[in-house]
Amino acid sequence: MLLEYLPIAVLLILALLLAGIVIALGHMFGPRHPTERKSMPYESGMRPIGPGTRRMPVHFYLVAVLFILFDIEVMFFLPWAVIYKKLGVFGLVEMLIFIAILGVGYVYVWKMGALEWE
Amino acid sequence: MSLNDLLVNLNLIMPITILTAWACVLLLVDLFIPKERKGITALLAALGLLVALALVISRAGVATSAFNGMIMIDGFATFMSVIFLFSGLAGIAVAYDYLIRSGIERGEYYVLLLFSIVGMMLMAAAADLIMVFLALELLSIPLYVLAGIAVPRPDSEEAALKYFLLGAFASGFFLYGTALVYGATGSTALTEIVSATTSGGVNLSFLVIGAGLILVGLGFKVAVVPFHMWTPDVYQGAPSSVTAFMAVGAKAAGFAALLRIFVLAFPPLAMDLTPVLWALAAFTMIIGNVIAIAQRNIKRMLAYSSIAHAGYIMMALVPYGQGNVAADTVASALFYLLAYMLTSFAAWAVVIALEHNMGEGRDTDGLSLEDYSGLGQKQPALAAAMTVAMLSFIGIPPTLGFVGKFYLLRTVIEGGFPGLALIGLLTSLVSAYYYLRVVVYMYMRDGEPVVRREPWLYFTALATAVGVVVLSIFSEPLFNWASQAVLKLI
Amino acid sequence: MWLSEAVSSGPQFFYLVPLVVLFPVIGLLVNTAFGGRMSEKAIGWLASAAAGLSFVVAVLLGISLLSYPEGAVVPIVDWITIGELNINWGFQVDTLSVTMMLVVAGVGTLIHIYSIGYMHDDVRFQGDPGRYQRFFVFMNLFIAMMMILVSADNYLMLFVGWEGVGLCSYLLIGFWYDKGENGIGNAVAGKKAFIANRIGDFGFILAAFIMFWVFGTFEFNAVFELAPEVASLFPAAIVAITLLMLVGVTGKSAQIPLFVWLPDAMAGPTPVSALIHAATMVTAGVYLITRSAALYNLVPQVQNIVALVGAATALFAATIAVGQFDIKKVLAYSTISQLGFMVAAVGMGAYVAGMFHLVTHAFFKALLFLSAGSVILGLEHAHHHMEHNSQLKLPMDENDLHFDPQDMRNMGGLRNRMKISFWVYLIGAIALTGIPPLAGFWSKDEILTDAANFNPLAYWMMLAAAFLTAFYMGRQILMVWFGKPRSLPAEHANESPPIITVPLIILAALAATGGALNLPMWHTFTHWLEDSLGHLHAAEFSLQIAGLSSFLVLAAIFLAWLLYGRKYQAMQELPPDKRPDDPLRPILGPVFNALNHKWWVDELYWTIIINPYVSLAHFLADVVDWRFWHDWFHDTVIVGGYNKLTQVLSIQIDLGVIDAVANKLGDSVKRAAAKWRVIETGYVRNYALSFFIGVVLILGYLILR
Amino acid sequence: MVPIQYFIGLSAILFTIGILGVLIRRNAIIIFMSVELMLNSANLAFITFARMYQSLDGQVFVFFVMAVAAAEVAVGLALIVAIFRNKQSIDVDQINSLHG
């Protein structure tokens, strides 16, 4: 019984080992002599001004998220397109419903002003 | 499948179809409703729920499957749909004024609520694990947003983030469990899973582990120990009207899925799963009730109380594999969910009426036990509703909670788990301590409670409280209805 | 021929009987709801009208009974139906219950009317006017409850009324709950009455339990029908029922040993004392025994006990009455004593005599109380008047400032100032002492005759009581009405208004002529009651007994005159510090002290029952409940245990075990990771970890099972 | 052909890594990415089993999972952005005002 799980167990152990080994190796072989200067962002001597990461305008995120949403939905078109002929009117109607629902989201997003870059 | 089939199938799930379409339309309509008149959106959403409710009730008694067996329209789905739709209506009733007071009156609130209810209804009707997963996400994602709808209030954001991260985490487990079950049986349809299992030739280890992971994923949704830790934080941080809806709807939906999946697909695994369910139920009842004692914040207390009640309902699942009592246990779980819904809304409506000062950037007041001092003198009606709710939570007659517990414990004992029933009994004794403490504060301490006098809140609190008492008197037909509902399922 | 036909087809009003209860209920409801907006007069007259209409109905019932002497049972509703137990609320209409209804409603109506005047002044002097409404609501409630009591057709309904009148009694004794000793004296008196009654009621309800156990029913007719059969099978059951009922009777009718509440009950307004604590409620015990005659007749030994309890009470209370100075206290002990006569009578099976005395006593004792109230009112008026009149105020001494308008030592010579009150009081007193031909003579004589035949011991005790009765009434008359006024208010007292005196005159007329109900020649009353109680023996008038008792009464009055008519007046000439407050004191010495202190019965009860009980209660409350149960068991064991358990579970288990397991697992990861510059865990991740532990445990179990 | 077990093994490893990521990382976005990893490991399992059974059900399932995951991403990112605006941090260990 247990034997069936052996592959899983082995893999689990392997995964853990691997993670452990990688970190351990880095720890063991990587020489570490932390100094104040070393822990600074730029070892070139440049003094960092302000935070290390620039803040992106939130609009980037928003647009990116919207893109992902609509982009991912497109993948439903793919199988549909493959057997479009076989599905006939039914497939067309189904997809129209799907697009209509997407359209609702689109109209909502538009109306809420999420697409305006200001 | 032809176009005609599509229409037939859409017609079969008409309440869900209508509600989905209505939610989409409402999302657009809401864009054109001015900000100060979002009451119209609330009314429209309630209208949609009422129409769906009427449809559901008019079609009670129908038992059929739709979309190639992905969805089952039967008594079970009908019963649960009624619970969901009622909690949606109550969720709108308690929210309307609350949102205005909190300064978060947004039409999206109602739309998201509708989508979430669609998810719940699908969940109760789902007969395929894919469907269950989709429904689970459809009900959860709006709830994540709703929990955080009070942005930029930090606690609301925090609640939303915790709920979201852990919810997604749990979804992962559920999904992986589904994958394993599919791998073991070659199908995700519940009926085919069981037939594949009985006909042999399945990888039982995959199946059992898959079932365990599915249990974990749904156990998160209904908040059983040890998958409960999000509950208090989220219940506390989310806007109270959301919490009220979530506490009832999401829990009921989770149990709907658990009951259907386990009773339909996993009876052959009962030997393996029953001890797990037993332990989950026992720990949930014990830990939920005991930790609730330490709570002074009423929302946190109710959160632990909801955990504890998940434990009670979980008891019904324990004997799920015994054909002779399974019908009774499922019926008693359904009945208990109904009782829990009414009781919860009575309590939450009162909590919402007392909550105040929760505008932007301020700490909310009116949520500690002390704020309930003197409610008995100042607002006897609300105090009475709260008392009824507390008694019902404990399970003291004449309340639905009592009847529900009675049925539950009876079936658990019939199923041959007297020990579990004993734990249930003892923990509900323990629970009396913290429930009655609320009553003590209301009636035996002097104080000046700040109470929002708003007709819909009053109506919800009193109507549900009266329902809790009155229906307990007519519990027999209700229970029979629940039994009828599961007849087809078993 | 036509006459008998006319009689047998005479009017039949039995169906009206629910109205005797309904009218007072309507009255009290209207007064409760609208009393706040009605004038005092309207409230009072409405309440009186409610009582009066009840009386009219009772009269109609009485007329109907002339034609249909067998009476009827008029059911109204099924009250309780549980399994075998089926209790209807029905009305028993027969001569016995109608007699009680007539007394209750008749005397009650007169007292209501009297109260309109009396309470007007009392409220003015003693409290806020808003109480006026409350008073009449309580009074109507009392009438309704008393009607339920006397008209019930089963023991349970009777018990409802029995409890109801007890409640009204409590409410009305404590009517001025903020007055009295230390500001709570009246409330304490009410409580005392309630507790004493409760002890009695406990007996009653035990009797009811046994009755249901044995008979399976509470209905009078069914019980009485079965009684002989039961008596032959379980004689002990009947003995227990009747004895326990006797306990109830000693509570309600103030017999030894539970009589102590009645004197204190005088804290209530005087009309209440007259109606509830003299004329009607306290006679409920006599009614109960009479109603249960069919049971008592079966157990002569219990009857004997009842008779002796009654006779002993009669004598004992009479001795105490001799030593009292409060005009109402004297009457209160007199009431106890007279109730003793009645109980003794019904105990001897002389039901007619008992009921007869009940009726006449209702007349003359109500009369005495009401006229005493008139006297009190007169003195209060005068006192009040003087307090607000600087010219008259000057000569008042210290004693007058703390003036007690009920103390007979402050009275004297009132006969000239309050003529009507004097005459009616005199009539009442003569009726009570039993001088022929007034009412009291006939009824008391009938009791004494029966006693002489059946129970010599009771007879002699009652004879002594009769002697004392005459003595203390003579003493009271002389102290109150004769001699010279002994206080300023007594000098300035005025007669009360007609609304008070008219009911007095009516009652005086009844007290004078009430004896005609059952004159020895005709036995009208006996035959009337026979329709309810079956065949009754009528006591033959005995000249010897009548003569002896009359002689004793006259002797006692003469003795009273010697002491209080002559000697007391002579004593007034002595300087105050050498003057005894009562001429009996020098003669009887410590015995008088004992009488004055009521034989220290209250103190005795305090010492042997209440103090140990209170100590026990303190012990239970303080030591057992508070220190042991609350402090130790509850706080330490339960709460502490809970808290510990909660802490254990929330800190040790939830945080400790789950988290610790989480932390441990997290720690092991953490310790490893901390070395390799990894982060510490936070909350959300703790939750995820607990989640994960759950998954591991479940899957571990499923795999390793 | 690569044996099924390998795929399943890989999917199990990915799943475990996802879990560990959720348990160990502090950054909300990375936690979320770990969750996505868990979902995708399940997807891998689905595809594998679909291939094993020569049926399309599993593959269709994957489509839905991806769509759902996208929806979750949208919500999750929006939440995280909102929190970042408030706290200037998305370290989940600093988001602990609700506790006890």
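Each chain gets a letter, A, B, C and D, in the order it is written, and its residues are counted from 1.
Here, a residue touches a chain if its C-beta (ideal position, glycine included) is under 8 Å from a C-beta of that chain, and two chains touch if they have at least 3 such contacts.
Computed from a predicted model, the values in this text were never measured in an experiment.
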| item | value |
| --- | --- |
| Top chain pair, ranked by how many C-beta pairs fall in contact | B-D |
| Centre-most chain [mean C-alpha coordinates] | B |
| Separation of chain A from chain C, taking each centre as the mean of its C-alpha atoms, in whole Å | 88 |
| Geometric centre distance via CA averages, chain C-chain B, whole Å | 59 |
| Whole-Å gap separating chain B and chain D, where each centre is the average of the chain's CA atoms | 25 |
| Approximate Å spacing (C-alpha centroids) for the pair chain A, chain D | 9 |
| Junction residues of chain D, two or more chains touched | 8, 22, 31, 60, 71, 78, 85, 92, 95-96, 99 |
| Per-residue overlap in chain A, given as positions that touch at least 2 other chains | 5 |
| Overlap residues in chain B, where contacts from two or more other chains coincide | 161-162, 165, 169, 173, 205, 233 |
| Residue ranges of chain C in contact with chain D within the complex | 666, 669, 673, 678-685, 688-689, 692 |
| Chain B residues touching chain A - in the complex, by the definition given at the top | 1-3, 5-6, 24, 27-28, 31, 203, 205 |
| In the complex with chain C, residue positions of chain B that touch it | 161-162, 165-166, 169-170, 173, 205, 208-209, 212-213, 215-216, 219-220, 225-227, 229-230, 233, 272-273, 275-276, 286-287, 290-291, 293-294, 430, 433 |
| Chain B contact footprint on chain D (complex, rising order) | 8, 11, 15, 18, 22, 28, 31-32, 35, 38-39, 41-42, 45-46, 48-49, 52-53, 55, 57-58, 60-61, 64-65, 68, 71-72, 75-76, 78-80, 82-83, 85-87, 92, 95-100 |
| For the chain C and chain B complex, residues of the former touching the latter | 642, 645-647, 649-650, 653-654, 658, 683-684, 686-688, 690-691, 693-695, 697-699, 701-703, 705 |
